[in-house]
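This is the structure, below, for whatever I ask next.
Per-chain residue numbering starts at 1, and chain names A, B, C and D are given in the order in which the chains are listed.
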Amino acid sequence: MSRDDRQKLLELRDLRTYFDVEGRTAKAVDGVSFDIYTNEVFGLVGESGSGKSVTSLSIMRLIPNPPGRIESGEIRFRGQNLLDLSFAEMRKIRGNDISMIFQEPMTALNPVFTIGYQLREGIRYHSKCSKAEAEDRATEMLDLVGIPDPRRRLKDYPHQFSGGMRQRAMIAMALSMEPGLLIADEPTTALDVTIQAQILELMLKVREKTGDASILLITHDLAVVAETCDRVAVMYGGKIQEISEVKALFKTPLHPYTQGLLSSLPRPDKQKKTRLDTIPGIVPSIMSMPPGCKFAARCPIAEPRCERDEPELREITPGRFCRCHLVDGKGGGRAW
Amino acid sequence: MISYFVRRILLIPITFMCITFLVYFVMRSAPGGPIEQARQQIMMQDGGGGGGAAGEDLELPQAAIDQLKRYYKLDKSKPHGYLIWLGLAPDEDKGDRFSGIVQGDFGRSYLWSDPVIETITSRFPISIYFGLIGYFATWLVCVPLGIKKALNHRSMFDTGSSMAVFLGYSIPGFVAAMILMLLFSTELIGCDWFPLGGFRSEGWDDMWAKGEVWWCIKDQLHHTFIPIIGYVMGGFATMTILMKNSLLDNLGADYVRTAFAKGLPENRVVFVHALRNSMIPLCVSIGHAIGLMLAGSFLLEKTCNIPGLGLLGFESIVGRDYPVIMGVLVFAVLIKLVGNILSDIVLAFVDPRVRFS
Amino acid sequence: MVNDSADFGVDTLLDVRNVKIHYPIHGGVFLRRIGEVKAVDGVSFTVKPGETLGLVGESGCGKTTMGKGVIRLVDVTDGEILFRRKNGDVVDLVGLERQAMRPVRAEIQMIFQDPYSSLNPRWSVGDIIAEPLSVHSPDMKRAERDEQVAWLLEKVGLTGEQADRYPHEFSGGQRQRVGIARALATRPRMVIADEPVSALDVSIQAQVVNLMQDLQEEFGLTYLFIAHDLSIVEHISHRIAVMYLGNIVEIGPARTLYEEPVHPYTRALLSAVPLPDPSLERPERMVLKGEVPSPLAKPSGCPFRTRCPLAEPSCAEEMPVLQAVAMDHEVACPIVLRKG
Amino acid sequence: MDVLSFLLKLVVVVAGGWLMTTRAIPWIFVRLARLVGFRAKITPVTRRRVDRFKRIKRGYWAFRLLSTLFVISLFLEVIVSGRALVVVYDGEVAFPAVAEWVDNAAFFTDVNTFNKASDFGQIGESEVDYRQFDEWSEDPGALRSEIANRTADADADAAEIAASAPTADDKEWKHKAHQRKVTKLEKRRGEIETLTANLDVFENGTAFAVMPLYPYSPSEFRHEFEKNPPNKPSFSTGLLLGTDVSGRDLVPLMAYAFRISLSFALIVAFVGYFVGIIVGGVQGYFGGWTDILSQRFVEIWGSIPFLFTIMIIASILRPSFLILVGLLILLRAWLGITYYVRGEFYREKSKDYVHAAIASGVSDRKIILKHILPNSIVPIVTFAPFAIVGYVNALVSLDFLGFGLPAGTPSWGGLLRQGLENITFYPHLVIAPVVALALTLYCVVMIGEAVREAFDPKVFSRLR
């Protein structure tokens, strides 16, 4: 299926989300644009402070205000700009058309209500069904996410669940209304590898069963992206640096940052290197971003103009975008 | 969890004995005990207070002193006397029966010669009346105010009401009652609306007997108003700020974001999810409030001349009425200990996470 | 000094023998001891000078507790931890009194996971690095100490001028460098690195790993490298021990363990690790059922049997012991060994 | 002249207090801390908090105001007192107010503050009437008219005595009585002569006195008014706040009560925190059975109804200032903070920087003092102002009930007690202490709130 046959589910256009911190403005998300098609898993990778989580919260319009605000941009979901909606209309979208799961399964559930209550609550709010129907649906969802004895476990409180089970409950909650888009914000970061494998597998499996939601997977782990995503966007310094099909990205990363990131990962499957390749320097502070390319200071191939002028996000080859002055698409990408 | 509560309840008698023994010990060791008291009374009667130095032992016959000593168990060692008082050692005067606190025998008051237990139980409901109304009135004021302050954090309303709350914090309850009495019970500003202290008017019981129910209720409320404001003032600043901060903390919690992400409306998120959590520390305050109720009552009952347990305690100390002092102490300690456990029970009830261990 | 140092190999730096670390649990009306958490339950391994032993496992498997037990940050319930000091003496760290432990502490140091909480926020970086020096060489002159601090800072890739700054002025990776400098201040022989890079960004992880390798070469350090990230452990370690619920289930050379894992848990763990290469054809993923049981209610016999695809009734009967399958490679699973 | 000198004194007092508070005392504290072995160096974290505190204007100015007032109040003996700062009389020099200050400050020694009246141009063996001395030295005319009055009185008495002089046939007792009168008159004549002789000294300027800002002591009774005390406040009599039931001026009473209340609360809070931090720190750091047992003890101790117990003990002991401080510390002040410190020590102890210190072989004492304490003590600071409010109120309550400081000690609670008894007719006895108490505590609460805000700024981020 070529990508033009597919419908755009979510289109981000030049999204800017700023935070006012002690009289200064932190441009956490600074002009982010990308599209998510129906029925795809889209990865958004970046290091801490790159703005990936803020991007996802902006889509849900869950930016805490103050200090944060969505400055400008468009978030088109099925053609409708979410930023134009009233709060009441937005609420109909949240949990129903777009739902979200969070990083910390320990704190993301309300400790004083039962799992069942929290599951039913969303179901009843959106579908206006009876309590018994909601209960049945909740049981069904818990069963689907692989929690044994779901009807009894509905009566449990979150603290009686382990971390992995809580994340399962969160997934059940998020998918109970068969949303078009599931945003998963670092869903496995707090979990162990074996549990991470379970949860990732579950997410993909359950969305197929509930109605083929697209998934926006936010993570810092390139390996997770490689295993689960169809397409990926790499963020750095509040901006998208590269968008690509996953396979292409891992085969020939274009942006120097992506290249550096990939080569700095230890690869047990490859011949052992004595030393890892590194990206020198430190991640720039969100409070004081350089004017030019955000990566220029750490970039091995930076030229003087990189520090001065911000490069545009250009389509290098069809479907591949890169924000770099020095990538021309004719083999500019260095295969590693 | 059950073993936790069993442990707590087992600790009550231990705590109780430690405290009462401490006070018993202090009072037995102190000068000016009952013998001195009786001696002075006799001197007052005999010499009309004329030049009788307290040091002269001649005025009280040795036999009488011995009798008094025997009566007050001063001839026993302190631990022995304490055990008799507690009812864990036989009392010779009562035919070697065990008769003490454990059996509900608190002795007789020096001042009124009534059984202490009767005096206390007749006064206790009055303290409870003010304490409970005061506590619930505090809730009625603090919870809505705290919520509104939290939702309008750093607004004009928040800052302005904070000023008032802090003023309330810096004035103790009995002082506030005194100010109110000055303003509304005297002719100072021409608003002589409320009575100057007292629990009820003089003829209340007669009117009640006559069936003047409305008059009685009105009179009672009339007398209740100023002390209750005093009670509320005593705790409302702490509680309002606790409510506000607790709600603010919870509104920033992750689960609130989850609730919004489910598409719930703001009211539901704030008033169901966040509020339910932020009530936990307030509910736990109930035990402390019960303890404070009594501490506050010493001052407020003195100020407003309400014949409750606090005033009884005060009068008994002034009159060196040891059986009553000990009786009030027993009550105060028990109330406090029960209050602590009550707090734990409430906490276990409102917070499903709590598993005492 | 220990008497039985005879069987302490000449080429061994650290010999952990059947170490148990249990935490009592009190309960009931009178707070009696009603049970215990067996965080580490009979662990043995040796570390040679200059090598890196990786210790991997999921959270709650006892790997951090084991590391802290070696450096006596937690009390060891039972077992021996033999350590060869610089002067050649062999000491049992478990039996040492506080005072006697003190000089040994200069020779074993630790790097911590969280670069934020591992540096005292109220101390300048210079003071933080100088503290171990002031404990172990109290006679050192102020100027000399400052010189040492500056030298250490440069060794870990910072500058001497940064000694006056406070931790919050540094990024996570830089703080971790400070932590490493502090650990190196007393010139230890052995460094216990407790998840030193897992809190860092990907692009910073590689820097710190390289730094640690460089320092190992320069100072002849021996690492006990604790981590949950298998690929990093594999990269830095010479040998790897896999822990599950307080026991070592497999120990062997890094490469062997990665390429030919024997124990079913090791295999499951490895297959759960996502690889940063979508084009790679990977064998059937072995997703483990369920979760790690609570160490409070450890299963009888083999702790892994509740999730093990190969479990047999006999597994419940006794705790499997480590058995050699090859040179330097031991596995605690009789089923696998029997099946070959 | 009068107003001018008053203003001058006021400026000196305020400026002196300000300098002491903002410059001298911080300097001394830092020196002392360094002497004891603390770095007393402000870390950037603290710096940020202090800056944030300074930005909260209400709290910051309340702090400046209250600290300055308190520092000034430490020198009340030379500011509000019936004794002169300096008296010079014909070569005699004395500093009675200063001596009194030294006497009170150095309570362990006895400094002589007594100056005999006859040594300073006045009559009698009692203490100098400094206000009168000051009046005379400023305006010898006052002395002259005093002499004139006395002479006139004496003359009138002389005439009367002469008129009623007994004759020879009067009884002996009459003679004796007459003789007594004559002797008395002679003595008075002698006094007048002395005064007249002293007139010189006052006139040629070798006698002068500097009186404190407000020249009345809290222990003096102002009986110069016709009405029986209490006197209501009025401008015409110069009694700005009136007098209490025994006739003591309320202005010095308020001022001294301010000092007593605040120092009481500060000492209780400081010592209480000290003890509480030690107990809580030991519990939290060492844990185990030490912790369990001492926690039970703390729990039992905390169940003592402390107000009632202090009342009982006070009714027997009649406590002094120090005993009351001790009782409050013992029964209450150290308790609350132990829970907090214990928790804080538990939390800090499990942080890796402490583990790193242990792993480096740092001693327990150093870990507690140099690592954990500085990191856990800072939040404690935020409780201190509220604790101080509590202890001021505790003292007021005890004084109000009559179980506080010894009778006669200037105290707000004692005045409130008088006020309650006279609420209908003498409202000033309620209003004055209430206003003083409320203003003081309001400042403390403002400080507390600003400190809390500076250390732990709460944010409300709205989601919708």
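Here are some notes:
Going forward, a contact is a pair of C-beta atoms (placed from the backbone, for glycine too) under 8 Å apart; a residue touches a chain by one contact, two chains touch by 3 or more.
Every value quoted in this text rests on a predicted model; they were computed, and no experiment measured them.
Under the contact definition, subunit B and subunit C share the contacting chains A, D. Legend note: the chain whose CA centroid lies nearest the centroid of all displayed protein CA atoms is B. Judged by contacting C-beta pairs, the busier of the interfaces A-B and A-D is A-B. Ranking every chain by how far its Cα centroid lies from the centroid of subunit A, the top place goes to D.
A separation of 57 Å divides the Cα centre of subunit A from that of subunit B. Look at where the CA atoms of subunit A average out and do the same for subunit D: the two points lie 65 Å apart.
With centres defined as mean CA coordinates, subunit D is found 32 Å away from subunit B.
Work out the mean CA point of subunit C and of subunit D, and you get 62 Å between them.
Contacts with at least two other chains are made by residues 252, 257, 260, 266 of subunit B. In subunit A, the residues that reach two or more other chains under the touch definition are 62, 64, 87. Subunit D has residues 459, 461, 463-464 in contact with two or more other chains. With chains as nodes and touching pairs as edges, the resulting graph is complete, every pair of chains being joined. Residues 296, 299-300, 303-309, 311-313, 315-317, 386, 389, 393, 396-397, 400-403, 416, 419-420, 423-424, 427, 430-431, 434, 437-438, 440-442, 444-446, 449, 458-461, 463-464 of subunit D touch subunit B in their complex. Against subunit C, the residues of subunit A that register as touching in their complex are 47-48, 162, 164-165, 192-198, 200-201, 220-228, 246-247, 250-251, 260-262, 264-269, 272-280, 282-283, 298. Within the complex formed with subunit C, the residues of subunit B that make contact are 3, 6-7, 10, 357.
In the complex of the two chains, the subunit C residues touching subunit B come out as 27-31. Residues of subunit B touching subunit D in their complex: 11, 14-15, 18-19, 22-23, 26-27, 30-32, 150-151, 153-154, 162, 166-167, 169-172, 174-175, 178-179, 181-182, 185-188, 196, 245, 248-249, 251-252, 256-257, 260, 266, 269, 291, 294-295, 298-299, 302-303, 313-314, 317-318, 320, 325, 328-329, 332-333, 336-337, 340.
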